[in-house]
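We just call them A, B, C, D, E and F in the order they show up, numbering each chain from 1.
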Amino acid sequence: MRPSGRSPSQLRAVRLTRGFTQYAEGSVLVEFGHTRVLCTASVESRVPPWLRNSGRGWVTAEYGMLPRATNTRTDREASRGKQQGRTIEIQRLIGRSLRAIVDLEALGERRIVVDCDVLQADGGTRTAAITGSYVALADAVGTLLRAGRIRRNPLHGQVAAVSVGIHAGTPVLDLDYAEDAEAETDMNVVMNDAGHFIEVQGTAEGHAFRREELNTLLDLASDGIETLIKLQREALEQAL
Amino acid sequence: MRPSGRSPSQLRAVRLTRGFTQYAEGSVLVEFGHTRVLCTASVESRVPPWLRNSGRGWVTAEYGMLPRATNTRTDREASRGKQQGRTIEIQRLIGRSLRAIVDLEALGERRIVVDCDVLQADGGTRTAAITGSYVALADAVGTLLRAGRIRRNPLHGQVAAVSVGIHAGTPVLDLDYAEDAEAETDMNVVMNDAGHFIEVQGTAEGHAFRREELNTLLDLASDGIETLIKLQREALEQAL
Amino acid sequence: MRPSGRSPSQLRAVRLTRGFTQYAEGSVLVEFGHTRVLCTASVESRVPPWLRNSGRGWVTAEYGMLPRATNTRTDREASRGKQQGRTIEIQRLIGRSLRAIVDLEALGERRIVVDCDVLQADGGTRTAAITGSYVALADAVGTLLRAGRIRRNPLHGQVAAVSVGIHAGTPVLDLDYAEDAEAETDMNVVMNDAGHFIEVQGTAEGHAFRREELNTLLDLASDGIETLIKLQREALEQAL
Amino acid sequence: MRPSGRSPSQLRAVRLTRGFTQYAEGSVLVEFGHTRVLCTASVESRVPPWLRNSGRGWVTAEYGMLPRATNTRTDREASRGKQQGRTIEIQRLIGRSLRAIVDLEALGERRIVVDCDVLQADGGTRTAAITGSYVALADAVGTLLRAGRIRRNPLHGQVAAVSVGIHAGTPVLDLDYAEDAEAETDMNVVMNDAGHFIEVQGTAEGHAFRREELNTLLDLASDGIETLIKLQREALEQAL
Amino acid sequence: MRPSGRSPSQLRAVRLTRGFTQYAEGSVLVEFGHTRVLCTASVESRVPPWLRNSGRGWVTAEYGMLPRATNTRTDREASRGKQQGRTIEIQRLIGRSLRAIVDLEALGERRIVVDCDVLQADGGTRTAAITGSYVALADAVGTLLRAGRIRRNPLHGQVAAVSVGIHAGTPVLDLDYAEDAEAETDMNVVMNDAGHFIEVQGTAEGHAFRREELNTLLDLASDGIETLIKLQREALEQAL
Amino acid sequence: MRPSGRSPSQLRAVRLTRGFTQYAEGSVLVEFGHTRVLCTASVESRVPPWLRNSGRGWVTAEYGMLPRATNTRTDREASRGKQQGRTIEIQRLIGRSLRAIVDLEALGERRIVVDCDVLQADGGTRTAAITGSYVALADAVGTLLRAGRIRRNPLHGQVAAVSVGIHAGTPVLDLDYAEDAEAETDMNVVMNDAGHFIEVQGTAEGHAFRREELNTLLDLASDGIETLIKLQREALEQAL
């Protein structure tokens, strides 16, 4: 039995609230149980130096956590003057995951920055961030398309992510903080809507994991992501 | 007529939502119209070095703005590695304002950090932050009192704040961004529940202001803050 | 009776020494009693990025304190790699105050940087800095006018500043460090030569202050600044 | 055919040179073809703050690249004042990988820092670094054991790593830079001597990868690592 | 003929003004012609970590230049967040030079920090700083001796410094900025009152210099420093 | 007798290995006994801002030390976010020394950066670095000449360096760490192949040194550098 009472293959309640704030071209509050992340997609006309005059665009992500998103307060990175290694790792992962489903040529010479700010953290913030960011990105792209600023949709797929892990000997889907803190193996899986892998990051926390365990975890993740892909589609089908 | 259709002495719709996030000892979402600031109060057992073994506590504040809280995206301070001058100025103001109503001896040797994070900015974020922070602070102190960790209430008053300014020749209360951007004079006023001043910061943006103008602005602010003090009290009287 | 033996409305001995150093376009040592600040105004041909090709200029200020300007040594900001919050607050205040009397269009596309470096600090360094900076700025502008680099005087007024506060229950003008350290209320007032306000920053240090107290403080400040404006004029009338 | 003429499952020439420098408790130059990384293990008596008086030790890693280890010079991180995101990601990975085979209690309250400095980079620097670091760590632990400073061996396994990827449609082992730059999928695999996984990090560079591709890549990696584990053992069996 | 009309072996007018500011234990304004450096010596009770409980003290120096000490304004190091290489080099030189004449054991477990701030720069600021710092240090030590905080004088000599160089083919003493900017060889010499060398730093700016030239420069420096040592003694013999 | 058994005027075994790494235009491992420094010269097409469109080039140097190059580990500068004062001093010295033998006009508008990274430190790393850097620079220039990118050789001389010092009362050449740590006087001398001085930096560590001692040290250095110049020439005469 999991601490939350969920079955091993059960996701937490997932909610995607579009238009959570009003200025960004895409703004989505994503919730996986108590984990709440605000994802905003901002369209900018300048691109990084190495893309100038290339005709191609860029998609990047930044990640942050409000100081008291967690059980005990963590120092504000802006006042420490430095982002933590964990933060940098996560925002690079989100950026790569999003770019995997974007045709940067079709986007044209502009940059979309997706900011993922964790309002409340109960495990799985990076995978929730990826899942929510896709919806924010789709809304931003929709704005560009409707305004005629781009002609064809640069998104050639959907992307979503979930964490899986081995907790108390059992492979489980979508770990909350209580499980994550004592998991033996922790894996973040990012997939597209064709069921293929974009990123797989598995880490043995306690003992090294066997090939069969890896396989079971990937099965759990595939099923979970299939559900998330559906929830993204449903959210995007609603009127804003 | 003001851009928003409000009368010169009319506040925007003000909402104080307690318990907006679950981990902090006090967590309040404060809204002044479209301006939304999340204020969390965190109780910590360590004090700054200069207070160790003094028997006295400390209250401080930090301020941040999500990159896309504003109409165009602003760089993330954590990734620039530096807080802006404006940010530093604001968080120092919030900290001083809160300490003005706290008996640091009664608080005992502990620190309360109030984090004010702007989710959406439509003018007046610093005064909204002060107004909301008081409620978050009161909730954090309530937690300490109920747990018997402190004996007497260290809060000896309430504190709230509002902006006033001269817009299109008319003194007005609680400026939104549209007004603020073209105000000739801009003033932030912080007062306690006895109607006395804790902080007054007035700046001539266009022409220098006269003594009579200053007086009118202070009258407007006093009335506005009286209302805010009432709203704080009502919010705190409700069960969490 | 004040610690210094002065009457409540009495300024300290104020001295403005022009041409204190030889390279700057304007260089003024300002002394308010033992407080000594060197203000230099430097004319530069480049403007900040947001003003390029606008035809308009910029005036800005930087503030610093020599490590042993104070009673006990404070760390050198350059070696700590960071300016303190207080420093940033002060230099922003000086810059805003100066810009309030400058027609940036008449200045043309150039930048004047006023550096205020405190050689000795005995209270009131920021208001002394503003008062001295005006004279340095006027000298720099004079250089431009005499050289025919600008046609009309971009200064449309004078600006001076003084601190007022409530010390031992009595409202007093121009606090020295001994008074400032135990003041209940501390206010910095910046005015122009028409007797109008450019900036008012009042802070309750001990108890919150009443409207009548605020009024008395503003009266004291107005009288003090009138004298300072006269002293600036006299200093500028002398040959360099 | 691979650019290097190797077969898909062929490692580059791997060399492990112990005692490459003389001061460190363990010092190994690891070469995978033209990739050359110097790994030194330093034993220190202090532990990070959170482990003080816990009786447990710590193993951590730092990674750096000489500015001209690469084809075009990259800025020196020390003079830019900041480590790149990639650097931070890699050194965290090395540290986790090493800790996975260390009994931190048996190590006692001391810290071993493994520095991995890339002298020449031709792809696969992070996996070479892990493979070489294990040997440096084993030498450092050997020093402690021989000196009687610890009683039982804190290493409960070996750890080695290799990269695999899909290049020109073919899954290949141990990519050099020419292959890595155009790989469609890139995966770093870390395993122990029991053939279990410590870390799996797979990234789709071009198209998302299928489950079968993932399986083939893991097979290639398992075989490669088995060889590396043998090479480590042989290197350690020689007299220093 | 030198630009200033001085003979090759002639110093500029040198002035040492003790008690230039009032708080520091030693405060000296040193002037070499138009070069003006304020040197303050501050006594602190804490020592650097590596000297705790050693019974020995420390003497160190910091150097800074006001932004407009020079002909064109240089950026403020505090706002750039970094000291320049030149600054670091100079303050290390001043510190070493002073420590060469201090018995750190006799000083006891305390630290003296000498701050050298250049108010106006016309060449030779580092050697002027060393010459003035000695006098400030002597005053600070005098304060400790008179207060009975140390028993015997920790200064076992005097130290002074001067620059020499080859200008327009002629070896000259004490270069001002006009000479320094076009010197072929530039040398800073630090000596004690016994006429021995503490530091010699010679740099070929144009062509490499010959042994005979070096010898002539050292002769010039020795004579110049002998004069400076006398001026220091005279300054210290006067009542403060 | 010296700790190493060398005679006072005896250099350590000096080795210059060209082509130590493969990407840099010049790459030399220089060894002075156990001191090992990797010097790479990289040719870049951009010059510093102040040289743009001047037709002149630039040569600069950076210096670093691997964390465990020394007997006890020193913190990695990249992770501390700051280069030490010592590092900055050394890299400035190397850069000046190299520029002394380069005709920057003949180099044309390009920059050569010489990176000196200490793999193992046993005293004299900065002088070894200068000696090795010359060879790396010569190789880089050779590449440019052979490729026809420059027409005439911008190197108008050779440069080499050695340390001398007074150890146990005896002037000695080329100090190793054991000697350096207890030397009374320490001097770094940089000369060209005409036997003239480019840089002389002498520091009294214990007692101040006399003119005769200085002379003996310079004699030792001249002889040592003559040998180093020969070794450089021999190394460069071999085929790469």
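Here is the rule we go by: contacts are C-beta pairs under 8 Å (C-beta built on N, C-alpha and C of every residue); 3 or more make two chains touch, one makes a residue touch a chain.
In UniProt terms the chains read A, B, C, D, E, F = Ribonuclease PH.
Model, not experiment: these values are computed from the prediction.
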Smallest count of steps, each to a touching chain, taking subunit D (Ribonuclease PH) to subunit E (Ribonuclease PH): 2
Fraction-based call for subunit E (Ribonuclease PH) against subunit C (Ribonuclease PH), same above half, different below: same
Of all other chains, the one whose Cα centre sits farthest from subunit B (Ribonuclease PH): F
Option reproducing the contacts of A-D, where over half of them reappear, out of A-B, B-C or C-E: B-C
Centroid comparison with subunit A (Ribonuclease PH) (C-alpha atoms), farthest chain: E
Euclidean distance of C-alpha centroids - subunit B (Ribonuclease PH) vs subunit E (Ribonuclease PH), Å: 51
CA centroid of subunit D (Ribonuclease PH) to CA centroid of subunit F (Ribonuclease PH), Å: 33
Centre-to-centre distance between subunit F (Ribonuclease PH) and subunit E (Ribonuclease PH) (centres being mean Cα positions), rounded to whole Å: 28
Rounded Å distance, subunit A (Ribonuclease PH) centre to subunit E (Ribonuclease PH) centre (Cα mean): 59
Residue numbers of subunit B (Ribonuclease PH) (touch at least two other chains): 81-82
Going from subunit A (Ribonuclease PH) towards subunit D (Ribonuclease PH), every chain in order around the ring: A, D, F, E, C, B
Residues of subunit B (Ribonuclease PH) defined as touching subunit C (Ribonuclease PH) within the complex: 85, 88-89, 91-92, 96, 100, 157, 187, 191-192, 194, 196-204, 207-211, 214, 218
For the subunit E (Ribonuclease PH) and subunit C (Ribonuclease PH) complex, residues of the former touching the latter: 21-24, 27, 34, 36, 38, 40, 42, 44, 62, 64, 66-71, 73, 76-79, 81-83, 87, 113, 115, 117, 119-120
